[in-house]
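What follows is subunit A paired twice: with subunit B in the first complex and subunit C in the second.
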Partner chain A sequence: MSEWTRPRHLPEALELLAAAPGQYRVISGGTDLMVESHLAPERHPEFWLDISGLRELQGLQITEEGIRIGAATSLEVIRRHAEVVTHWPMLAASAAVTGAPPIQNRATLGGNVCNASPAADNAPVLLAYGARLEIAHHHGSRWLPYMDFHQGYRKTALQAGELLSALWIPYPPKHSRGYFRKVGTRAAQAIAKVSIAALIEEDSGGMIQGARFGMASVAATPCTLPSVSQYLLGRALRDIADAQVRQRVGQDIAPIQDIRSTTAYRLEIASRLVLEAIHGRSESKKED
Partner chain B sequence: MSLTIINQRRDQQVVGPARVDGFAKISGAALYVDDLPAVDALHGTTVRTAGAGGTLQEIVFDPAINWSEFVVVTAQDIPGINAIKLLENDQPVLVERTFRHAGEAVVLLAHADPEKLRIALKGISLVELPNPSPIFDIDDALQARQEIIPGNIYADYLLERGDVAAGEYLADVVIDERFLTPSQEQLYIEPQGMLAHLQEDGSILMEGSLQCPYYVLDALVQCLGMDKDHLRVVQSTTGGAFGGKEDYPSVIACHAALLALKAGGRPVKLIYERGEDLRVTPKRHPSRTLIRLGANKAGELQFIDMDFAIDGGAYRTLSPVVLSRGVIHAPGPYKCPHIRIKGRAVATNHPPFGAFRGFGAPQSILAMEVAMDRLAKKLGMDPVELRKKNLLCTGDLSPTGDVVGKDCFAHAVLDAALEHTHYQQRREEYNAWNAAGHPTRRGIGLATFAHGAGFTGNGELHLASRVSLQALANGHVEILCSNTEMGQGAATTLVQIAAAALGLPMDSVHLAQTDTSRVPNSGPTVASRTCMVVGGLIQKAAGQLLQRLRETMDLAESYDAQSFAAACAGLYAAGDALVTAHYYPPADMLWDEQTFFGRAYASYAWAAYVAEVEVDMITLETHVIDFTAVQEIGKAVHPVIVQGQIEGGVAQGIGYALYEDVLWNERGVMANDRLTNYIIPTSADLGFIHVVLLEGGLGAGPKGAKGVGELPMDGPAPAIVNAIQQALNIDIRQIPVRPEMLLELTVSGGN
Partner chain C sequence: MPTTMRINGKAFQSSSAPNARLLDVLRNECDLKGTKEGCGEGECGACAVLVNGKLVNSCLIPLGQMEQAEITTVEGLPEDSALARAFVQCGATQCGICTPGMMLAATALLAEHANPTLEEIRWGLSGNLCRCTGYGRIYAAIAQAAGGSADV
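This part shows the complex of A and B:
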């Protein structure tokens, strides 16, 4: 039998975590952990720390640079938030394709990140937007760029006693365009076979000033595409060689064959999606 | 002849009475087996073999566990025969020594505390000498280098008309193809389960989720060595079945009963969780078909030559019957002078495959219908044109050699489908779309087919079904039959048939709970037979009841509810208020099951399905944008239930075509045993499904009704495959058509 603790305030939670580092399994919406605990009861932790009662971890605040999203804010709240829909439409979109509405009601953005699945639905968008993490500890907080968070298969930069408290997302640059697409095993309620988000900034002359990509299900962790980004920097769209991009996609990702898809499919579709994101062709319309 | 058209579009839907089981299910009042109150119940669990066949050498019980706390059952505890009663006694209830697949039951355990049970499960280890070279592939099985049974063949059938060699001589164009279809999981919402209770008088009450109560009863008789009078099987509310609860409930019931016998009178619940259900219960047979078709230049079929093989898994179960239906349906609704269908059901080390909506027909129809499109392509002919030249008409000789009667609507359904879909216009629009360089490609494809209702040939005669009607003192009437409501709407349909035949409002007619101590054996709830065969018997019994009321209680020729009730009260008081109707086959049913010659089914339902698809050229995902299902079903007793059956079946068919793929691990066990990775379509994956019903009124059932339930599983996959082939100009030989496969086909094809 496990012990369940539900603190009321963040300092109380941090104190518990600091007093017994590594002992608690932190839980909020439980949409991943409850499934795991049903399927693998032997991995049941002895101590649960339920952070769903911490008001400090809830809600969204607009700041000068962007938005702060409490780590335990539900995906349902995020996808419907007016500012998110206006300024970070890719985040609204990725939250809306995470599981199904009942999942989105419970699942949290912080949970999706900390569960550290290579297929995490909201990771690509957070990487493309250049999110930062606010990580709390009893002895004080620290900041970490989200792109440094995933350190290996299901391994994160969170240290014992630490708690992800918020995600900070800057406003996208003025002349930027976004591209997000999740390719799942079906149209809804799906785990991604490949997913991608891109934020591409062009100057008035059509020169690429910045290109940030986030992908999921193509490596052991959600990942960026550093060599693709580097290749694009300072280049005009018409000077981009598709073969060069494809080659760099191959360098940046390491897709595997698993129960959902093949290496060949993931590699090829990732390249096609990256090219589509760069060339700005909009997603295919289903209507005539 | 009159042909009524019911176009079940949402804006002009024909509705019927409310479902008799609807409110209890919507309100949550209906009790599924795991909801049944069971005071002091024990929970059961199953210890299973790990290897894909082998020899069990020892069962080791961890001495650290106090086993006297548990009910423990092994093969030694079986009082009767250690075999599941089906066609052959080859499948053990519990493994004693040899076994043929991973996941066979060896030890049964029960305890009041599920947590203790979970721990105890780990305290039992099986010492197995594994089979060094298990067989999982159909052609490997046919080569028989290792033999599970002699030759690895459960059944070997031949349907032969004319002479294929002569047909080859007459053919100008020949195609030669090989098709593969995967297994498919029924995925009923409610996993399987049973509740067994040893009564004080030594009898056993078995309640559970099942399709065929008398199959379960017969299995218990054999396994327990008890007589029927001491066994009572009651169906609890059943949350879907689709064939998946035809044979396997017998296995769970035997297990639950064995535990109950040793449980000291405490009830035993044996409920599978989803993963266990997916891993061990039977699914659709995988198939491999070699097919050759030949036609003259005019497009007239000259020969059909097929080698159709299905994977039966490790025990015979129902595979010969599945194979027989697959063979009979293989040549499709076409006239052809020279036909040879060789069918074999083979043994492998997979868990046994079993019944699933369509029962062998979806596999062979897929091969035939995709091959027809391939033939059309080679002839340079439109697929519609090719079908029109060959579809059966009244007076033609059917593939099984009988003369097709008036009840033939192969052309009518195709014509209706072309009209409703604006097929030619769509086809041109899609060709234009595809030429215009859009990021998607579109296609339209069709399948024409027929499905026979009821047991094949003399099967219904052997079943000798009986249905009773019990008049009650208050003028209500109870239907006593063994056919089960499992979500498909049978309860409503049967009540409706009885009410109409008796001239009563529906709320005066009740379907009795399916309880073998009360209801006669009216056969299993399978093979699209319930409405047609059992409905027919109900109608007949209603006639008998009315006759008796008229003869003995002077019920007038026309009567109202009051006079009917008065007559019933009299009959009831006289103790003569029960009538029973017996099945007699139609006079012209002549069938030779050795040669596959004659009339295979009392009625065929006819269908033409059209799929319209869009393929995303970046991701190669296929979306069914529009689906039109046209079928002639004799008479739609309840059009909305029929529509629901067809929409649901089409959804399963779309899953079969595009998403559903049972993956196997190295021991032949389903590897994607979770709903996150066994992918069925969601509502977001389904386009519009238009249902158009034609009523010719000539079926063998009430008011000319025929079977409906399996038809919608046959047509979607070939229609969708044909649409994708047209959209991408590729040849597809396997389902499901997943994006990964389309990538291989389009990249290697130089797209």
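This part shows the complex of A and C:
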């Protein structure tokens, strides 16, 4: 029989993790882990660390630069949070298309990130907003830009003994516009074929001053589009050559064929979505 | 350590492993067979129950997190209610596998929106799959139970 530990405070959890690095399976909402542990019972961990009772990992706080979201805050709480809806509407939108209400009532933002699926529903938005992670350890916390977190297929930068404690998201720049879209087979409960978030900042003359993209289901990890961003920087919308954008999308992503889609479809749709995000033809679309 | 919870208003103690699924505890230990296993992956909602009033998929809930929880299954809903009558009158049930989950999703929805719009009904039930009726009659039943029009 496996052992289940549910500490009340973060230091207690960190002490356990530090004392037995790599031994515990950390669980909160369980919406991914319970599927995995049921389908592959031979991989049942012996020691579970249930972080759903840690108060330090719950809730949202407005800070000077943005918002701090406790890693174990449910997607339901996030998608309804008034400040999130106002200042980070793409996050409210991505939380709302993660599974459906019974999933959102349990699933956490930190869990979605740490589960490290290449299709993670909230990853594109966190990349586009330039989120950073607060990673706790018995010996102290460290910061990590979220874009450096995914190091390979299902491989994250979390070290033994570490726990993702919070996600910090800065306010978007004043003159920025967001674009979010998830493409799936149906509106609810779909795993993305392709999803994208973009945050584009233009000056009063229409010159692009910043462009950050996040995509999922187009590579081994959720990813940014560095060469697209670089191409856009300092260009006016009318000077953007769609063919150049498409070529750079091809450089930045590495889609595969799987049960949900083909490589060619993903590449084509990714290019179209990037162009739609740049030209602002529609904003923060929730679903297909 | 056994887990103590309240299921349909009655105290219940389970000695299953803490990583046991709430679904299995309900069906096998409590003999509450109204909670169905469909996909076992949190996609279909056939195993939906209310935990502390919130709609969840019991196939994804580890028993270890249920200490002191209030759980409502379809057996805990009143036998005769506006919702149950509306399901019958609107023909909102066919093979019956999804019906318990649908009733619980509807209960959670109506607790929050006494008069839901069609959009709210669709949203509230979006985690529950039905492979027979095509949803229209289920939406109509919920609208009727809320006292609204049945022409959805």
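The rule we apply is simple: the second predicted complex is superposed on the first by the 282 of 288 C-alpha atoms of A that agree within 3 Å, B and C clash if a C-alpha of one lies under 4 Å from a C-alpha of the other, contacts with A are read in each partner's own complex, and residues count from 1 in each chain.
Assume a contact is a pair of C-beta atoms (placed from the backbone, for glycine too) under 8 Å apart; a residue touches a chain by one contact, two chains touch by 3 or more.
The model shown is predicted, which means the values in this text are computed figures rather than measured ones.
J.: With both complexes overlaid on chain A, does A:103 touch subunit B (first), subunit C (second), both or neither?
T.: A:103 sits against subunit C, while subunit B stays out of touch.
J.: Is A:189 touching anything from subunit B or subunit C once the two structures are fitted on A? First, second, both or neither.
T.: In the superposed model, A:189 contacts both subunit B and subunit C.
J.: Return first, second, both or neither, reflecting whether A:6 touches subunit B, subunit C, both chains, or no partner chain.
T.: In the superposition, A:6 touches subunit C alone.
J.: Examine A:243 and indicate which partner it touches, taking first as subunit B and second as subunit C; both and neither are also allowed.
T.: Neither partner.
J.: Touch check for A:30: first (subunit B), second (subunit C), both, or neither?
T.: second
J.: Of the partners subunit B and subunit C, which touch A:40 in the superposed model: first, second, both, neither?
T.: In the superposed model, A:40 contacts neither subunit B nor subunit C.
J.: Given the touch rule stated above, what does A:272 touch, subunit B (first), subunit C (second), both, or neither?
T.: Only subunit B is touched by A:272; subunit C is not.
J.: Quick one: classify A:262 as touching subunit B (first), subunit C (second), both or neither.
T.: In the superposition, A:262 touches subunit B alone.
J.: Tell me the contact category for A:82 with respect to subunit B and subunit C: first, second, both or neither.
T.: Touch partners of A:82: none, neither subunit B nor subunit C.
J.: Touching subunit B in one complex and subunit C in the other: list those residues of subunit A.
T.: Residues 39, 187-189, which sit in both footprints.
J.: Residues of subunit A touching subunit C in their complex?
T.: Subunit A residues touching subunit C: 1-4, 6, 27, 29-31, 34-35, 37-39, 44, 48, 50, 52, 76, 99-103, 105-106, 187-189.
J.: Can you check the complex and tell me which residues of subunit C touch subunit A?
T.: 17-19, 21, 40-43, 45, 48, 54-57, 59-62, 64-65, 105, 108, 123-124, 126-129
J.: Using the touch definition from the top, list the residues of subunit B that touch subunit A in their complex.
T.: 118, 275, 438-440, 614, 616-621, 623, 625, 659, 663, 671-672, 674, 676-677, 679, 681-685, 739-740, 743-744, 747
J.: Spell out the residues on subunit A that touch subunit B in their complex, using ranges where they run on.
T.: It is residues 39, 41, 183, 185-191, 259-262, 264-265, 268-269, 272-273, 276, 281, 284, 286 of subunit A that touch subunit B.
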